[in-house]
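Look at the two complexes coming up: chain A is in both, with chain B in one and chain C in the other.
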Partner chain A sequence: MASKEDTPKIPITVDFSGGLEMLFSNKRRHQVSLPSLTPEGQPATIAYLIDYLCKNLISDPRTDLFVLDGHIRPGILVLINEADWELEGEEEYEIHKGDNILFVSTLHGG
Partner chain B sequence: MQPTPTNNGGLDDGLQSQNGHDRRLTDEEFDRYSRQMIVPGMGKEGQLRLINSKILIIGAGGLGCPAAQYVAGAGVGTIGIVDDDVVETSNLHRQVGHATSRIGMKKVDSLITHLQNLNPLPHYIAHSYPISARNGADIIQNYDLVMDCTDNPATRYLISDLCVVLQKPLVSAASVQKSGQLIVLNCPPTPQGLMDKKYPPCYRCCFPKPPPPTSFVSCGEAGIMGPVVGMMGVAQAGEAIKILASGLHLSSPSDPEVERNLIQPTLLIYSYDLESAVGPYSFRALKMGSRKKKCFACGENSPENLSLEGIKNGIPNYDTFCAAPIAKVSLPQQDRIPAAEYHDKKQKGELPAHILIDTREKEHFSFGSIDGAVNYPFGKLLMKAALIKRDGGDGDEILSPISARTQAKKDDDGKDDDTPIFVVCRRGLDSQETVEKLKELGVDHGGKRKIMDIIGGMKAWKEKVDPSFPYI
Partner chain C sequence: MAPSLCAICRTERALIKRPKNYAKLCKACFIKVFEDEVHHTITSSQLFHPGEKVAIGASGGKDSTVLASVLKTLNKRHGYGLDLVLLSIDEGIKGYRDDSLETVKRNALQYEMPLKVVGYDELYGWTMDQVVETIGKKGNCTYCGVFRRQALDRGAKMLGIKHVVTGHNADDVAETVLMNLLRGDLSRLSRSTSIVTGDDRSEVKRSKPLKYSYEKEIVLYAHHKKLDYFSTECIYSPEAFRGSARSLIKQLERVRPSAILDIVRSGEDMARLVPGESPSSCACKRQKTPAAPVVEDDIGGCGSSNGRTPGGEMAAMDKQLRENEEHSGLETDIAKTISENKQAEMEKPKELPIRSANAASKGGRQTLGNCKRCGYMSSQDICQACTLLEGLNKNRPQIQI
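Up next, the complex of A and B:
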């Protein structure tokens, strides 16, 4: 298995919206270099990205506002290149170079 | 399935004969609607369809006001509005269908007053009571299209479920602080359970589970920029007018014309940035999925889950599904002090030297605070608490952002700083949670240090101590 340093990186853009940006240094757009393989040697998927963001990018220690029971918290939409992740295979989707992943918190006010 | 209408060239012919809408416009109508009727695709037929349509606007607030204005201006023939609130001064920066002269009036009556002035031709119906599982179907069934302009998850799921069963298109928008969202659902209206091709999604298809109540914020707490919610309300009116003028609400998804008209379900999101004011506005149109097989409300087995009868009788239970936010902590009496008592004792010099923590957001704090209070926003405090828990370490560290003294004193003589702490917030909930959090971290030094909650927050302070206090 390749060591962490040798693993090639996939450059992607990760966006947060609907208030989620508050958990990520109050920045709406982040350029992320995601290891192309998980520590187990599997291709990087959305599930891996979510875990990676929780360990490396989140600035607020209240990670339960982003992830609950190992999955994205209810009330957060995940969009892969502007399309609902459901159209792309949800957590199983394999990340490609240049992908745009958007996390949006659903709003209820009015 | 309905029979396929014969003549379907576009907005300007379509379903008119089916609905007997072929009449002359009155001079007043002709004059009033001329500028929109000459827009390609609208025409006299589109206008007549609007005039013969009935729209229900649920919520007469930040979304409902701008939405209602454009729907009324465009000449939708019957406009029902549901809301049980009254107009308050703090509504007026965004709820532009109300007026300073109508503060205290029922929102529904205030908004209809405004709309009648704008356009006296439509028939306006006031529903000045809240929509509920009991009355919802009876209200909605009389209309052609519903606009969800409400402000909480439980009502949003209820409205969507009713629209699925009653087969009404739903134009749904939401907005808080600096963000907005908009989506058209159930359009064209499709019977529950049909799965043989791509059908439009309902609210549950897009948002199957509500957010946990702790992550839910309202406009009252988080604030809201008027133009952001206004933009979403206007966009809602735009979508509703499009659907009604084209007759899409009267069609069935099997109509060939409808198939041609079906577009990808789209969620529009708007993010507005006050921190980088010169940056680009951000509108994004996101592709959503169609009806989901597993959807509780409209999917394959949905008729078993959801019926009008069931909804009326409390199945499903929307309140438990969304678990409305309630006070999670209630401290024992000895850890609490009424605002007035705190004030009196302080005046008489009966309180020992203490730290007074105000956990409101810094924007709230900036308008005024109790003498000697230090600002430590609740979110920051929770963040710090989570950090200490994660990394291990002295619980007293939680006070480091507001008091350098605590650590220093401990270092000098090796003794804990037992200066009592009082906590105040906006309405008295966060302060209780703060007291509990501080005790959990051991900041009370096993009971040697008093940590007290000021009951009812700055709201109580204004009511009981200082009526001139600038409370938001």
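Up next, the complex of A and C:
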């Protein structure tokens, strides 16, 4: 734990919408301090953020509504600073200070 | 990654990568293109006529909210001359519909459209809460789906409106195509791909102007236009989307995004081979879109989980399969059509034979009549809603003691 606490943190904003907020304490916006390095010493990416959210932020036990087979569930859109993550390298995108990451579900009905 | 520029204006930063063609677009160009494509669908299928009164089936969810917003915009921009009304169905599910109805009420103010809310209680004498109390949670989606289908039409009739538009998107249609293929349900396959169901002979016609719009783009449109919509899952089937045809569609999209529209187009092509049905398509090359008859489609399909519903489905599928077997001429018809077309193809290799309009030949079609009890259009003597109600009403005294 000590080494984890020594790792500098990146402050970012994480938003959930389209029904996903229900899995995250019914709250749309979360301020997250993400460790800047993974336990393996690699720079924090979206893949790491998703894993981190599953371990630290999700309030609903049904994590498979967010992540399926280790990847974001198909049908959930990811926007990095308003841009589709497909334009930013998807899971490989390296997170920067102040980034806004939005997860929107297309799976929920009205 | 260096930010890429919009493929259209070449000045703004691209924020959207379109699933249908991978084009990278900025926010403003995306919104314009999305609206233009819906406009194209509307004009090429001649969905509306000037002065027409149109009810938008509004749930407060993303699809119907985007539909209302886009129709409002296009009606003004292109002078459709439509009189638009929001029509909402209240199933009577506490803690579910209450919140989304609040969203619809805000939408009515935002889009300056009148709003009509029709409740299951006033139409059928039963709220869904009461239905569940009586029959339990299993299979209640069937009731809800059957009731909703008629409710929109009845609500429209109460308003004196003959045309209801719904927010069904390309993902919904692709999902229904897959479901009906798996069921081997040809007539429903044909109807589900039609952009319009019902015509001048039926009292209320239905259409889906967002039929070619990706769900992903609908959500992005709502996001970038900051539309006010409500997302929820019905409390009686909270995880209906898990392990369904919907998941398959989404996984296909992940691998190859164009798969969704490909399935829609394939469904249309296959529908054209179904004897006795008159499917429509984008209809770009056509004078007028032929409309498929309105029968009580998609039993158990609920507005937000089209075709994702358990319960009662197998029995219905079985019955439908038996009906299909009666269409015995079917197999030879298709084979014949194809082999004839193959010859034609050899002479004119550029033409797609399957897309020709005369592929459909005579064959079995459900005969449409009216329900003897409620008068609603039905292929049986007593419509599904009345049959379900009969069962419910018999059970009520036992349960309420």
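By our rule, the second predicted complex is superposed on the first by the 104 of 110 C-alpha atoms of A that agree within 3 Å, B and C clash if a C-alpha of one lies under 4 Å from a C-alpha of the other, contacts with A are read in each partner's own complex, and residues count from 1 in each chain.
The rule is simple: contacts are C-beta pairs under 8 Å (C-beta built on N, C-alpha and C of every residue); 3 or more make two chains touch, one makes a residue touch a chain.
Computed from a predicted model, the values in this text were never measured in an experiment.
Chemist: So in the superposed three-chain picture, is A:26 touching just chain B, just chain C, both, or none of them (first/second/both/neither)?
Modeler: first
Chemist: With both complexes superposed on chain A, which partner does A:89 reach: first (chain B), second (chain C), both or neither?
Modeler: Once the two structures are laid over each other on A, A:89 reaches chain C alone.
Chemist: Show which residues of chain A both chain B and chain C reach, each in its own complex.
Modeler: In chain A, residues 17-19, 65, 73-75, 77, 79, 82-84, 86-87, 102, 104-110 are touched by chain B and also by chain C.
Chemist: Under the touch definition given earlier, write down the residues of chain B that touch chain A in their complex.
Modeler: Contacts found on chain B: 59, 61-64, 148-153, 156, 173-177, 179-181, 206-212, 215-219, 222, 224, 229, 267, 269, 271, 273, 275, 282, 284-289, 292, 382-383, 386-387, 389-390.
Chemist: Where on chain A is chain C touching in the complex?
Modeler: So the residues of chain A touching chain C come out as 17-19, 65, 73-75, 77, 79, 82-84, 86-89, 93, 102, 104-110.
Chemist: Where on chain A is chain B touching in the complex?
Modeler: The contact residues of chain A facing chain B are 17-19, 26, 28, 60-62, 65, 68, 73-77, 79, 82-84, 86-87, 102, 104-110.
Chemist: Please name which positions on chain C make contact with chain A in the complex.
Modeler: Touching chain A: residues 1, 3-4, 13-17, 24, 27, 59-65, 100, 171, 215-216, 218-220, 223-224, 229-234, 239, 241-242, 246-247, 250-251, 253-254, 302-305 of chain C.
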